[in-house]
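Quick one: structure below, then a few questions.
By written order: A, B and C. Residues from 1 in each chain.
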């Protein structure tokens, strides 16, 4: 995937000004707090902001440049809105067919069956949208977008309007989407959990600009980013299930630079999984101790060091092999232990979350 | 019922049907524009469309007679393009009725369009539907109750119109003598029985129309 | 009478009785006679002190309204049948009927020189529309039909009729140019002793029944001196002069 995005759109309240080269497939999270311009960026890409100036090429196809601008309906995209926006006068089946029957036969890369099966909505086809739950509606909306075989799928906080239980209902479907389809996705979210679970790339938005972008693991591990994640600062990386211990219900996960034990989430040996480690769950020791409750003790090298928002705190980047980790500790401790870049230390990881 | 009365009934239905069709064809784009535009002229256009509500029908009819007549701007335009003058013709009645009943069609349509909002239209566009396609596949079905209301009101209002056709029609049997004029003539000629028969028919018609309107109201979607 | 509400009612009562004694009378007047009547009313008020409150409209409508109890003291009709009928039916005061004006019919066009002085335009010009008041409803319309029948033109010209609800509308059809010519009341186009605009043929009286416009006192006006005075005045020289200046004969 290669998406070249350059937009300038002045609004009274803020100005969107982005210039991005999004290469690398999978899901790209567009992350930022509300009002940072995430949705506006997505709407510009879709062509829903007619006054936006810019340049947009998607996999070699020019959708917009100084001279011309493809109207929305000529852009091969799927758009999932925050509120599902199903057509109330059409059944689920007719909603699904709406986009599909408007594209040429040879363009139909995703079949209706595939979309229905992927989102698990086969039992809903005859229903009217008004008789669906919020989560079902959103699944239908996603399937509807997929069924139009888009070259680019835009998702604007598709889970934001749903409660926790509904989110948990849908997230597995989004993961399947990620694993089974080749369609690049731009996924707007302000939820670190969703990003950690789904994204491969991340674009961080702030005040209408792209503050940072790159692969998820590298970008999240940067200590110089004004990500303002607060308690959610941490890293996400992937690993492979090496062993499952039936007696203690634990799984051993290997990653580039070491291994950790996590609660067994049911993933089979050999499966690739995602691990998320929050900075606040990582502490540092100068030497190896066996007499602590923490299972995951790993040797690491300090790479960088930065102050946190709160004057008492410091954020430390370390590497375990090639995998970066973040650790949050008090400035006082950092001074007491005389921590400095290049130093070899032990990291104690209190909690590792399997996020997918 | 006398043959002229029957002719008047038939003519009235023909006029109302023609007018309703023309009104829906003309009123839909006007209502669509009014519902979606942020143009500075919106207020002015909306007001012009509403004006027939304010003017007494005979006054409106009189101005149409003047405007469509040989001295009027439109009359001259018609003459210059070699067309028949409109007063005293069925076509003239249609034109007058369209103007007269315009607000009754435009307003329900505009409200229906406004109620749909931007969201379904954007959704349709991202699903490859062009503007016309979106209109027919999304807007029309969603605004269907509005179209029903507009059509029924336009039709009923045309059936009941009197002052305008009185002025511009010339009361020509089979051409411009509509039901309301026939009733009026019967009353004026003191033929009260004939007037009552026609008026009763008209009332029954109005009752059925309004009943339909209420039964077919939105909120009972399948 | 301490209660202000009572005082208010009392004031209203006083005012209404005062109005009754001011001798204002409501008179129903055919629309074609509106202009002369307004002039006559001014003169009458000057000479007698009584005030005329006219309602202008069609004679047929007035008939229905009078039957329904409308508060008119007198009717100045566009024909002689309606007053006779009212008298017979008891709403008109017996013996109060008289002809206040005889209308004259004119074949009129707003185009100068279009209508000749012998009415030959009816056979010679290829006009599309001939306007006239509905013959069933309006005496001037009926007179127009009589004229055409007398000339043997009725069958030929009927398809070109545009009929108006009354003589005023017929005049508007012609005045706006939508009908090339039409039968209207001479009073509608006559000013200062001649046809003021366009061209017209004042149809010879021999071709149609005289358009007698009769007045009648109504039951509601009976015994009111002001009403009697007005009807008397209408027959006097001053009124006659005004009536004739509008193209009526007497």
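FYI, a contact is a pair of C-beta atoms (placed from the backbone, for glycine too) under 8 Å apart; a residue touches a chain by one contact, two chains touch by 3 or more.
Just so it is clear, the structure is predicted and the values come from calculations on it, not from any experiment.
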Starting from the Cα centroid of chain B, hunt down the chain whose centroid lies farthest away.
A
Per-chain Cα centroid nearest the overall protein Cα centroid belongs to chain B
Rounded Å distance, chain B centre to chain C centre (Cα mean):
35
How many angstrom lie between the CA centroids of chain A and chain C, rounded to a whole number?
89
Just give me the whole-number Å value for how far the CA centre of chain A lies from that of chain B.
56
In their complex, what parts of chain A are in touch with chain B?
46-48, 71-74, 77-79, 81, 83, 85, 87-90, 98-99, 102-103, 128, 144-145, 148, 154
Chain C touches which residues of chain B in the complex?
62, 65-66, 68-71, 75, 85, 87-88, 166-167, 170-172, 184-185, 187-190
As the complex stands, chain C meets chain B at residues 58, 60-61, 63-64, 128-129, 131, 134, 136-137, 161-165, 169, 172-173, 176-179
Interface with chain A, chain B side, in the complex: residues 119-120, 122-130, 133-134, 137-138, 141-142, 144, 221-222
